[in-house]
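Each structure below is given as structure tokens.
Two complexes, one shared chain (subunit A), two partners (subunit B, subunit C).
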Partner chain A sequence: MIDQALRLARLHVPEQERAGFARDFARVLESFALLRELDVSGLEPLRTPSTRVDSLRDDRLEPALERERLLEIAPQAQDGFFAVPKTIGGER
Partner chain B sequence: MSASKPVPDGWQVVIGLETHCQLATTSKLFCGCANQFGAPPNTQVCAVCSGQPGALPMLNREALELGLRAALALGARVPPRSKFDRKHYFYCDLPKGYQISQYDEPMCTGGGIALANGKFVRLARIHLEEDAGKAIHDRGASSLVDLNRAGVPLIEAVTEPDLSTPQEAHEYLVALKEILQFAGVSECDMEKGSLRCDVNVSVQREGGARGVKVEIKNLNSFANVVAALEHEIARQIELIGAGGAVQQETRLFDADARATRTMRTKEDAHDYRYFPDPDLPPVTLAPDHVELIRTRLPELPAARRARYVAALGLSEYDARLLTQSRASSDWFEAALRHVDAPKELANWLNNEVAALFSEPGAQVRSLDELPFKPFDLAELVELARQGRVTRAGARTILRAMLERPSGPRELMRALGLEASADAAQLERWCREALVGREKIIADVRAGQDKALGALIGPVLKLAGGKADPLAVREMLLRLIGAP
Partner chain C sequence: MSRATLEQALARAAALDRQLGAFASIEAQLALEIAAEHERSGRGSAELGGTTFAVKANLCWRGVETHAASAVLAGYRAPYSATAVGRALAAGATPVGVANMDEFGFGSSGENSALGPTRNPWDPRRSPGGSSSGAAAAVAAGLVDFALGSDTGGSVRQPAALCGVSGFKPSYGRVSRYGLIAFASSLDCVGVLAREVELIERALGAISGEDAHDSTALAQPPLAALAPRSLRGLRIGAPREHFEAGVDPRVAACVRAALAHCEREGAVVREVELPHTRYAVPCYYVVASAEASSNLARYDGVRYGARVDGDGTLQGMIEATRSRGFGPEARRRVALGSFVLSSGYYEAWYVHALKVRRAIARDFERAFESVDVLVGPTSPTLAFELGARTQDPLAMYAADVLTTPASLAGLPALSTPCGLVREGDVDLPVGMQWIGPTGADALVLACGAAWQRASEHHRATPPLHAAGVAS
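Our next item is the complex of A and B:
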């Protein structure tokens, strides 16, 4: 399971550290197991911690960021695009 | 579209469709960047849609309205509350590492589309979500990312697996596109990617257990949907027929090779780790607000077609042609306000005007590009109805209307095409043509109607294009005294 979680999160943890990581992970899950024992029947789920209600914006244009500023903070740019390591084939 | 191979006897095909459609808003779903196709890369990007830390999304009211309009036009139910969830995956076109979508409380459920064969294709759901950016892989050593599209509002309409043939899938998509266009929800321009489609397909032996489902992505035209389905159905049947088993997987359609290839198998199927997006409050909708949107829906294509047939007396065929787009349907109705002859008007639009669009080198390809107004065509049709101009003459005038900014009446005079309204003149031409053609006259009297053709030509020649062939025919028959 720890391998699956690391893969999904795209985290690289060296082999020798995985056992310790797995122990920490198990403790987190134990805490959740405690929560799971609570009787919450009759309670509405909290869907959002936000107190905002139906905050909608009007369909109006706001200025975009300047492209130079946007690409400045990217590790790499080319011809106005973000340049990233080659990834072929969509993942969606 | 060519008729495709039917599903072979003894096999059943189960198809479901997922269609993404970009909403025609001014700005993006959660920020004020422009929702516009074709801008230079990364010029419509802000802190929100580029996924900068701390940037907060805020829902676009118009996107919600358009989504609801789509839902109601498709007969869906709108629950009083929906919410947004984060769908996680890693890809370079998704700056936040998750897409804001709707998981277990979508904007609406149910609804569907009726096909001509009576089948009702049910929709499981329609939800709102943001589009991803665009990655380009064929320009050098790196992949290049443009985030202009990131955050553009989408609706995703998911059908139940109710479709049984590629043709049904095609018909559903055409109808869906029409409804979304008529409702003003989206341009549905597949070339610009504002309508995109994924399909799920499985095959099974008649009466057998449900087959294993394969998903095909990357379908950017209706023709490709049909081609991909045909190919995939044949592939699966051949595989099972040879004793093999279909693998649950996602395949990509290669339009050039007209074949599908594996993209990922079940083992690397995604775990999207959905959870409620804490940045966005749930959306609550007052029932009377939903009702208001419903009452404001324009008349949809199926309803228009039914009205054209029932109230205007048009054929199903003509009604269908006229409602292919909202623009053509509106154009027809605008012209109809000026001439009380729906059938003639429909004939003119679907035959003479349509012929202009399909000519090689045509400058004009749709009604909204015509240099004249619906009123002008109505006037031309009226002139032809009154016999002021022959059908051939009216065609010449129509052509001239493309070139010159004059009304049909002026063009008729300018081109000398005013038909002789004078029956006496027509009779003189006909009598002249009859001279010396006793053999033909005898044939016509003997009931050989075909022989009449040999007389009509000479009369038209004498009249120099100012006589209506139908009127000539009647006059000739009267003069000959044929049975």
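Our next item is the complex of A and C:
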């Protein structure tokens, strides 16, 4: 269960921290189980407290952040693009 | 504000902050430039002219390192300013520095920061609360006039209470979230901390309203409209559950004394019930962690922030960047969120929690049928010692029991000081929380302002305060 959660989250927990992580993860989940005692039938999920329809702006092109500025803060950029490690042949 | 006054304030802030750790950075040069520009442009006489403020490290400030106290954003200089920051600047306020916080807002003590903890100005052995730890400590110590913070489950109100200042979380949607580094999008609110509620009102007026960059930011009526100027005739509900299990009896007694004071000022106080209060913390942690796991998916080492190469593959780089970049609490929340959203568990955990959230919101709707506002303690305890809860996530989460209900329901809520409790050799502040119906931000702030006209608690200053520092 924890391995699955970590895999979905793209996270790795070092071996020496694993036992503590698993213990706390299980304790927190156990505390969530309090919610199960409540009968929620007839209740609609409350996904957002927003009570009104979102306000939308006019649909027209406007200047946004400049490409150069955004690439300046990227860990690695090349020829006007974000650069990442080779993806072909690198799958696991 | 004159250059000399600002220079003195900056020097005092730098000196005192060596003991507090409230700031991630003090941007002295930039502050002086902005203040000079305010004078040239005439903004210095706008509604926030002459005031200084701190910016919580999760609110983008153009050109300044905005890292949300996370190693994964080390070195990230925001290419734009958050709407709230930009509007505070436009209203003539001068930003002094970036305030320390719990990483991404994940914490209630300020200790989950890649920069180290902030200390409470009332007792540096204790936590200032969190996650707006630096913001609250900076205001309490007199280093700034106000601070912009964020409140997802109590992150403005709880540190305000533990540091003896006022802190306001507006109704969801009053202030644009554009440029706020996202934690949980259905809960995140930009909030304001200051000593006096009157300044919070002014700052909130300047930063709130519609924004073309955030469709959930809605046009709002002016704050001053419909706001009563005294407590006379105000119907206050005291939620029974907010004074019960887990609440330090000294805190409860202090807030009850404040309620008695309100009655003497003409308010009518009656007990009400919020029967689903005990479910608020687990409900909040399911919903907030789920949203956090989604929002934090963006930290992949590709577009901004830090990158750790790992084994050299794309997947390896992403995993290494996240694993090294996130602190322990961030890892836990993202993993929990991924779990409750995963196939087979989504309905049983996440959707179930959203239904509990509805029940919690209905509690408030029922209560507001018979009262105007609700008042109870903000934090169940006094400021606790640094290190006391870091090994036990459930003890840390319990700090949020009285603030998460209003967050889940999207309601405006304010913490104001209501007294001091002597513990050992120190005095520690207690905060009372005012909660109003959705959209009734003006009412809640008016109540807080009226309370401060009728009481002196907000004038108490901590031992570590700028007034005592030679510049």
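Quick note on the criterion: the second predicted complex is superposed on the first by the 83 of 92 C-alpha atoms of A that agree within 3 Å, B and C clash if a C-alpha of one lies under 4 Å from a C-alpha of the other, contacts with A are read in each partner's own complex, and residues count from 1 in each chain.
By definition in this document, a residue touches a chain if its C-beta (ideal position, glycine included) is under 8 Å from a C-beta of that chain, and two chains touch if they have at least 3 such contacts.
All of these numbers come straight from a predicted model, not from anything done at the bench.
K.L.:
Using the superposition on chain A described above, determine whether A:85 touches subunit B (first), subunit C (second), both, or neither.
P.N.:
In the superposed model, A:85 contacts both subunit B and subunit C.
K.L.:
More residues of subunit A are touched by which partner: subunit B or subunit C?
P.N.:
Answer, by number of touched residues of subunit A: C.
K.L.:
Once chain A of both complexes is superposed, is A:10 in touch with subunit B (first), subunit C (second), both, or neither?
P.N.:
both
K.L.:
Considering only the touch criterion stated at the top, classify A:70 as touching first (subunit B), second (subunit C), both, or neither.
P.N.:
both
K.L.:
Is A:55 contacted by the first partner subunit B, the second partner subunit C, both or neither?
P.N.:
A:55 contacts both subunit B and subunit C.
K.L.:
Figure out whether A:44 sits in contact with subunit B (first) or subunit C (second), or with both, or with neither.
P.N.:
second
K.L.:
Report for A:28: first if it touches subunit B alone, second if subunit C alone, otherwise both or neither.
P.N.:
second
K.L.:
Taking the superposition on A as described, I'd like to know which of subunit B and subunit C A:19 touches: first, second, both or neither.
P.N.:
After superposition on chain A, A:19 lies in contact with neither partner.
K.L.:
Tell me which partner A:2 touches in the superposition: subunit B (first), subunit C (second), both or neither.
P.N.:
second
K.L.:
Which residues of subunit A are in contact with subunit B in one complex and with subunit C in the other?
P.N.:
4, 8, 10, 47-50, 52, 54-57, 65, 70, 76, 82, 84-87, 90-92
K.L.:
Can you name the residues of subunit A that touch subunit C in the complex?
P.N.:
1-2, 4-6, 8-13, 17, 21, 24-25, 27-29, 31-36, 38, 40, 43-52, 54-57, 65, 69-70, 73-76, 82, 84-87, 90-92
K.L.:
Can you list the residues on subunit C that touch subunit A in the complex?
P.N.:
Subunit C reaches subunit A through residues 76-77, 79-80, 172-173, 186, 210, 212, 215-219, 276, 278-279, 281-283, 285-286, 293, 297, 300-307, 309, 312-320, 322-323, 326, 328, 331-332, 334-340, 342, 349, 351-359, 361, 393-394, 397, 408-411, 438-439.
K.L.:
Write out the stretch or stretches of subunit A touching subunit B in their complex.
P.N.:
Per the stated touch rule, the residues are 4, 8, 10, 47-50, 52-65, 67, 70-71, 76, 78-92.
K.L.:
Would you tell me which residues of subunit B are touching subunit A in their complex?
P.N.:
For subunit B paired with subunit A, touching residues are 25-27, 31-34, 40-47, 50, 58-64, 83, 88-92, 132, 135-137, 139-147, 217-218, 252, 263, 270-271, 273, 276-284.
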